[in-house]
Each structure stands twice: as C-alpha cells, then as structure tokens.
C-alpha cells in the first residue's frame, strides 16, 4: 500500500517532474540567449570551455588553503553521495529493474559503508558551517537549507532501510526520494547539471582572453 | 672343541621358537592384565572424560579444539562468559543506568527549581567579545549532532524492549530498532572524527591550572563567592577531558563491536560492550548537564556556540581572567564579521 | 507436555559431520551459516572426544533474555524459536549463548549482520506450519509433521539424540549404566553388543531394549 | 515606482543572458568567493561576499526566471526587486568591488561573478544608483573627452615637455602610421614618464606610430560605471579616429580597464568588429623584444616584484609578457605568493578609485597588498597600470611603507640599449 504508492504512482510522477523540470530549466538557460562575442579571440573558446569544466574540479594552487574546508568536506560529500547513489546494491537493483533494464556490479558492503560515512560527515560539516559561518549565514537562502535537508533526510532514511527487512523503512526512503526528485528542478540542486554550463561559459570567455580559468 | 651334533642344534632351534612364541603371547596379553584385574577385583576408575568436561565447562585452560565449521568461536564448546555478560547487561547496566540517567534529569530539574536560570547579574552591556571561532563551533556542533544521533539510537536499543515495545508493539519496535541499529552502526565511524575535531580545536586552554582547583573548591561560585576562571573553567575542562576519555573508550569499543569481521571472539566483544555501555551512559549523563547549563541554565551561554560571541558582562562574571586578557589584547568589542544587531547600515533585506 | 532436548553422546560421536550435512541440506541453510557443528577436543590424542552442538533450546534461554527486540519465544514443546521479521541482527544473542548457536549471514567484508539464524529443532518459525515462507526463512518444519530433527535421525552412531527430554535422558541413562564408566567402557561388545559389563550385576534387563 | 527604477529593471531583464541565468542556477552559496575577495578578507564583514553583492540581480533572476519566484511574486509571497534594494546595494556594488575577477577564478561551479557585477551595474546606473564621483567622471569623459578633464591642450602641453626631455618629435595625427597610441589621463597628468618612455622605445625600435588629437583618451568610464551606451560612445570615438588615420593597430596603454574596454568589449559595444587590432603596450614591447627590435642592456640589481593589474593579467590575458620583459632587466625579480591570474587587486580598480566615498574602505582593503609586500620584503614594485600605480602609491603613503612604485615601460626605457639612453 504505502510502499506500492511511493514506488508506483508517486515514483512515476516524481520522475516525470524531475525530467521535465530539468529539461525546462536547461531550456530556460538556452532561451535566455547569448550575444555573439565580436572581439578577436586569442585562443578558441570551445576547448577552453571543456578544459575549465574539468579544471575547476580542483582549486587553483594558490587557493588550496582558503578552499581546504570546502574541498575536503565537499569532496567527501559528493564522492560519497555519488558512490551511494550509483553503486549501493539496492540502488543497482532498482535501476536494473525499474529504470534501465540493466545493471552493473554494486559496490561491496564496506565500500558502501565508507561512502556513507564520507557523505554524512561531509554533508553535516557543510550544513553546520552554513549555519555557523557569518558569510554563509548571510548568503544562505531557505532553498539552501531545504535542499541540504532533503538530501540529508534521503540519505538518513536510506541508511535506516539498510537492514532491508522492513518495507516501511524502504517506503519511507522512497517517499523522500520522490520528494527530492520533485523538488530538484526548482532548486539549487540544479547545480548538478548547470555547473557544466557555468564552467563552460566562463571557461570559454576566459580562453578567448588567453587565460586558463 | 667337540663338534656340534645335529640333535643339539635342532633342540636349540625349538627352544628359540618356544621362547619367541611365549614373548609374543606376553606382549599381546600383558596389557589386558589391568582389565583382568579390574574385572576380577571390581575396581572403578574415575571417568577419564571428567577432567576434560570440567575444563570445557569452565574454560580455565581451553582444551585444543578442532571443528570443520569455520568461523568465529566455532571451536568453543561452552562460552562460560556469556552468562556473566548477560548478568551485566540485564541486571546491572540496564537498571543502574536507568536510575543514573533518570537521577541526572531529576537533579537538573531540582537545580533549576532551586537556583533558577543563572542570569547575567549586571545585565547585558551590548559589547561583544569573540569567544569561539567558526571552526571551534563547527567542531562542537558536529560532535553534538553525531553524539545526539548515536546517543538516541543507542538508548533506543538499550531500553526499547522495556519502554517502546509496550508503546509500539513488537513489530513497530522492530522497525524502529532496525533503523536505529543501522544508523548507530553507520554513524559510529563518524564519531572518531568528531572526537578528533574536538581535541584539535579545544585542546588549547584546557590544561589544568591552580585557579581551577580554587574554582572547584568554590563549586564554581555556587557555594558562595566569585570563582575566577580563564577561558575555560574547571567544569568545562573536566568535560573536555571527559569527552576525550569517554570518546576514546567509545570509539575503540564501538569499532570492535561495529565490525565483527576481524575474527574478534565473544570475550573481546563482551569486554567491548561492557566498556561501551558504561562510557556511553556516563557520557550521556554528562551531556544532560552540559546541555542544560549551555542553554536553559545560563543566560548568555548559548550564543557563544551559535554566534561565537559573548556579552562583555557575561565574560566578566564567568571567565574574568580570560576577559582581562582579552581586554589587555584589545579584543573586546572588536568582532570582525559578526552579524551584530546594529551591523553598520548594511542591507538586511536580502536572503530567503 | 513434551520438552524437546538434544543430547550428544560424546562416547559415541565419531565426528562424521553427518548431522551438519543433514541439517544444511534439509533446511537449505544459506552460505556461511551452520546451525550445527561438530567440535572435536584433543583431536588425534588419547582421550579425544567429539560432540555435535547446536541450539540446546534452553529452559531459561540467555538469548531470549538479552534480545533487545524480544524476538524469541518458546513453543509448547519447549523449543526456543525466534521471529526473523523482528530480529534486527544485533548479535547480542550470540554473546549470551553458551553454545555459540546463533549465526549471522554476512554480506561480505565489513559484514552487516543479517537476521539471526539458528537451529529450530526442525520446528520452523512463526509462519503457518509448512508454508513456503516458513521454509524460506527457517527451513523445514518436521515437528509439525510429527517427525524429530533430521540430524539425530541421520546420526550413524546414534550419538545424537533428540526428542522429549525425559525419553532422551532415559536412553542415555541406560547407555551409561549399561556400558559402565571409566576403563570398563571399552570394546565392541560393551558399546554395541548384547552382553553388558553390569549385566551380571542385575541391571541387564533394560539393556536389551536399546538393542539395535 | 519611479521611471528610473523601471529603466533599471528593464536593463537587468535585458541583460539576463544565458550565462547569468546559468550562473544563478549553479550557485550553491558555498561562500568560497568571500575568501577570494580582498574587501572581505581585510574587513571580515560577510556583506562583502562577492555573490552577496549580486542580491538585487539574483532577486531579478528569481522573479523572472524561476518557477517559485514567479509563483511567489504572483501570490504575493515573494517580494519582487524593489527600488530600495538598489539603493541599499549601491555601496556594495560600486565601493566594494573592483571587478578584479578573483572570485570568478575560484568559484567551484565556475560562475563569473565579476561579469555579473559588471552587468548588475548596468541596471544600477540605469536606475540612477551610482556614486557621484563615477557619474561625474563619466559625464566629463563624454563632454570633455576625459574623466579627469584632460583636454587636448593639456596633452599638447605634456607632449611639449616630453619632446623637450627626449629630444624626439612626437607624431600627432600622422596619416598612415602603423600604430595609434592611447593614453590614460593619469599618464598625461601624473606620469608623463610613460609617454617619454614609449617615445624613446618606439624611436629606437623604429615603430611607426602616432597620437590622434581626436581620441587619445584610453580610459572608459562607461565600462566602470556600467553604462554601455556611454562606453560605446567612448569606444566609437577611438574607432573613428583610428579609421581616419588608417592605422593597423591601436595600442592600449598601461591602464587596466582601458585594455578591457577596447580589446574585449570594444567590438561588442559598437556592435561590429573593430577595423584595427588592439594590442597592449606590454604585448607590443615583448613582441619587439622577440623580434630583436627592442634591445635592452644593463640590469637593475634591486630586489623587485611585479604587481599584476587585474584587467591586464587575469581579465586581459597578458600574463607572461610582463614577466619576460622584467626578467630581461631585473636580476632580482621575485614573485608575490599570489601572482599572475591569482594576484590580489590594489583595491582601486573598477572605478573604485574614482569614488571618493570608498576611500576608507579601499585603504583598508589595501592591507592585503601590504601583507604581500611585507611578506616579500621588497622595496620596489613594478606595475603596468596607471590606476594601480596611483592606488599603490596612496596606500604606501597611507601606511608609511618604504616601497617605490614604477611603471614597467619606464623601467624598460631606462635600460634601452644604444644612443637613445640619455
């Protein structure tokens, strides 16, 4: 009943909102348009865009120290989350049965635990800093807290359901997954897709100027 | 030298055969003598297995044991310590910790009724002093969140059978307990990180000094008279070192319990559980007092951990030596980047 | 009411592991779990003894006492069973059990413990007797069919006895008296033959009832 | 709601291009940009966080480009961008941002924050919220031809002095010259040494150059205040003068934003490709040196460092040239810890130097440069931007430091080989 609903109708609705919403957001960016840059470039923009998409995975050497916290916590969270989402055994099974029709080798249990620990520690540290650091307090919006909170709850309920013996816990997890998917396109969680565009735009502009950004 | 007759030779050979046969017979029959004696005399020897079973039962010197089944402790026939562990958990840990934690709450409630909220005597001055850095606060709240998650799930597992089964029913509680167990096991390995952060960011200023013992003698000012203190008073220092001590104990025993895949047997696990339970209960009891005095119990204390600043009058009343030092260094009132209520005409309409 | 018990006669057990195999096969026990095991003491030395161990279905079961979710129950036959739907795999029963009976299927290294699994005295679980669900979780329910545990049934030397405690102890008592003790418990005739050591001393009458 | 405000909103709406929409969609408010901004690091005040300076534009984006924002405004739950927001943010946008773009280099999702602030200023100025000093400078630039009020007369007087000092004839309005030079007013008024230096170098290297009497001003207040119309007007003057003289190259002087204005924004401002190539003086000098036309001799053994002007280096792409040139003439050239594209701004770029009320804040922000210099312990700093140079000198004066600031072109002219050396 509850599980059937959150894994059935609600899941399809959430996935639809997610897909359509993300597409709509990306289309909105395209629709906003970009004026052609008439200045004479030093180097081509496109390779610079690609380069910057990858280069920004690490801060500039000079900025390592100021960015150390966000680097460590950010990577712990993001890599952890990535492993959890794509390689946790129940997720692989779900993807195989409900989405793609094929799966892949799931991560062993100890990798899952390690990933979950990294993800939780990273997310908690980042979230707490958002509440404590005057800078982050100043710039954070309600959306930041809802987005972080939803992600936290999804991870938390996911781990609660780790024992895989109670449908209720699985359903609870699925419920929050559905909510997260529905919330996703309307929120800052969109950065998961748009960061490529942002880095690309900046990288292209800077490459035209001959600066590797 | 007479020559040997063939008869003599034949006689000797026969004698040799007979002797051999006799010796063979003796060899074969002699071991039967005790049986024969026993049979005839009705002697009852003690069962040779008795000593063996005694050994197995009491495990003083465990006998050499082999089994086809691979696994932890599969070679142990009788685990005699299981019973003492059961006694500890069911008859000591659960009831005694219940009394301790309950007593702690009652004591705090009584303290609140008798002493009330500890106010800033002189009122707020409006002048702020930076007390904790962002990183210190981060370490504190990280510990607080992880501790709360672990503490709550741990208590559910400890008392749930007695408190929650009547409320949720066995099925309902099983769901709760399964979730709690997974969360407890999963957040466990994050706890060492929290302990390390606390150690790293708070170890400075937490060394014991002479003034701390005077503070203790005056009961932190509760027993009359003003008790001087530096950046941390004796209570806070004890709490800091307690955190490390209990934290270490919980981390070591917790990791042993959390990952039962390194061949640690039941004696190790039982020991780990013993120390895990005691440390956790004491830690949680301390946390009750700590949270009370940091929030409801004392005016002006919580903001030190939320905004990182305290009012100058609060500092004077509770940490006079530290305040004097801050004053000497010209750090009173200079709080960079603080969102003071009267922040220099900056735009406040943003956000949300 | 019957009170079901196991009893392993260490003088008879020859460590053939037939009981272990029978159990594993009958219940389709998962990989890594052994509800029954044979333990040999002083292997290869004089005085070697073997013994088959599993859940002994204690009267005051320590596992049930320490279980944080109270998932154990004792049947009318005195069989200690547990509900896998309620079990959370914490492992406390394993610490408390004197015999190391509770087993946990692990999911690889850093194994999180699954729901506990142990000998059911071939008595199944809380599901309807003989249901497929019951078989999947707990193995075959022979008791409901009026049959005793397969391990004992399969024991080639009849070292492992299972059944109502009174009957089992009667059989064992007879054996002990029949074969005597100490150095006298020796020889084919004593162990399996008709003539007992004490037969002449007037106790022999009952020995014939255990005759194979 | 005033008409001016409507214009500001319209400008912001018009400027909301794919880049900005993408940037706001990506921002996760991680706060890292604060650490990159000298106004934040030197004051510790969170309101100086770069992305926070974009709050008005973010509000605009939210109400125009996001679902919740649109819905919220319709239902009256979300307050739309109000005129008060622009008023409140004026100081943040103009006084505490030098458009140095350091934040743009560190943003993990790759947002070009400096670009957004540049666009936000368009909206601010359209709504009438800009500092008086900058408004005045822009007015002077449009009316007199120079933000500092330098007229052709002033230039001629300076050039006379230059000719006297160098003994060289300075070509003005020479038809068919290859290069046309521009100057920043500051160079004309405060640093005629720069003009002398390029005159000597060009004479020695045999460069065919000229100055236009119609457009010699390189600075572009329109860029700084964020007024594209004014900026286009100022660029247009240079373009028509260059077309009139038929030059192939226009040389951007040692002035940061002037280079950005003509090199990177020029064509976009006038809406067509420039009919000439724009080259920065340092690019040209390095090119001449490589071609062997610029011969240098002698070294200075003074320990010195190079201050990267943001608009030339980070936002302009002239990174290696000044270092190559400097190594030719200085044996003891040392780099500050953060240099090149990660340098720290002097604190006076992006029009902040023209904004009187920003001076105390600017001097506070200068502490960042002071720390860098103290750490290095040098007494000579070379730079290549007249505006940086003035700001650096002011800061050094304010903090009573013992540091000399000199222009790179001058330093090169001092080591010019051959008879030109006086």
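To keep things simple, chains are lettered A, B, C and D as they appear, and every chain counts its residues starting from 1.
To be clear about the criterion, a residue touches a chain if its C-beta (ideal position, glycine included) is under 8 Å from a C-beta of that chain, and two chains touch if they have at least 3 such contacts.
Remember, it's a predicted structure, so these values are computed and weren't measured experimentally.
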| item | value |
| --- | --- |
| Between the pairs A-C and B-C, the one where more C-beta pairs touch | B-C |
| Chain nearest the overall C-alpha centroid of the shown protein atoms | A |
| Approximate Å spacing (C-alpha centroids) for the pair chain B, chain D | 62 |
| Gap in Å, rounded to a whole number, between the CA centres of chain C and chain A | 54 |
| Distance between the centres, which are taken as Cα means, of chain D and chain C, whole angstrom | 88 |
| Centre-of-Cα separation between chain C and chain B, whole angstrom | 36 |
| Multi-partner residues of chain D (at least 2 other chains) | 46-47, 52 |
| For chain C, residues that touch 2 or more chains besides their own | 85, 88-89, 109-112 |
| Multi-partner residues of chain A (at least 2 other chains) | 113, 133-135, 137-141, 162-163, 165 |
| Interface residues, chain B side, partner chain C - complex | 34-35, 38, 44-49, 52, 56, 63-69, 71, 73-80, 82-83, 85-86, 89-90, 157-158, 160-161, 165, 170-171, 173-174, 177-178, 181-182, 185, 259-261, 266, 269-270, 273 |
| Chain B contact footprint on chain A (complex, rising order) | 113, 116-117, 120-121, 124-125, 128-129, 131-135, 137-142, 156, 159-163, 165-166, 168-169 |
| Touching residues on chain C, where the partner in the complex is chain B | 10-11, 17, 20, 32, 34, 37-43, 45, 47, 49, 51, 53, 62, 65-71, 83, 85-92, 94-100, 103, 106, 109-113, 181-184, 186 |
| Chain A partner contacts - residues on chain B that touch it in the complex | 134, 137-138, 141-142, 145-146, 174-175, 178-179, 181-183, 186-187, 189-190, 193, 306, 308, 337-339, 350-352 |
| Chain A-touching residues of chain C, taken from the complex the two chains share | 84-85, 88-89, 107-112, 115 |
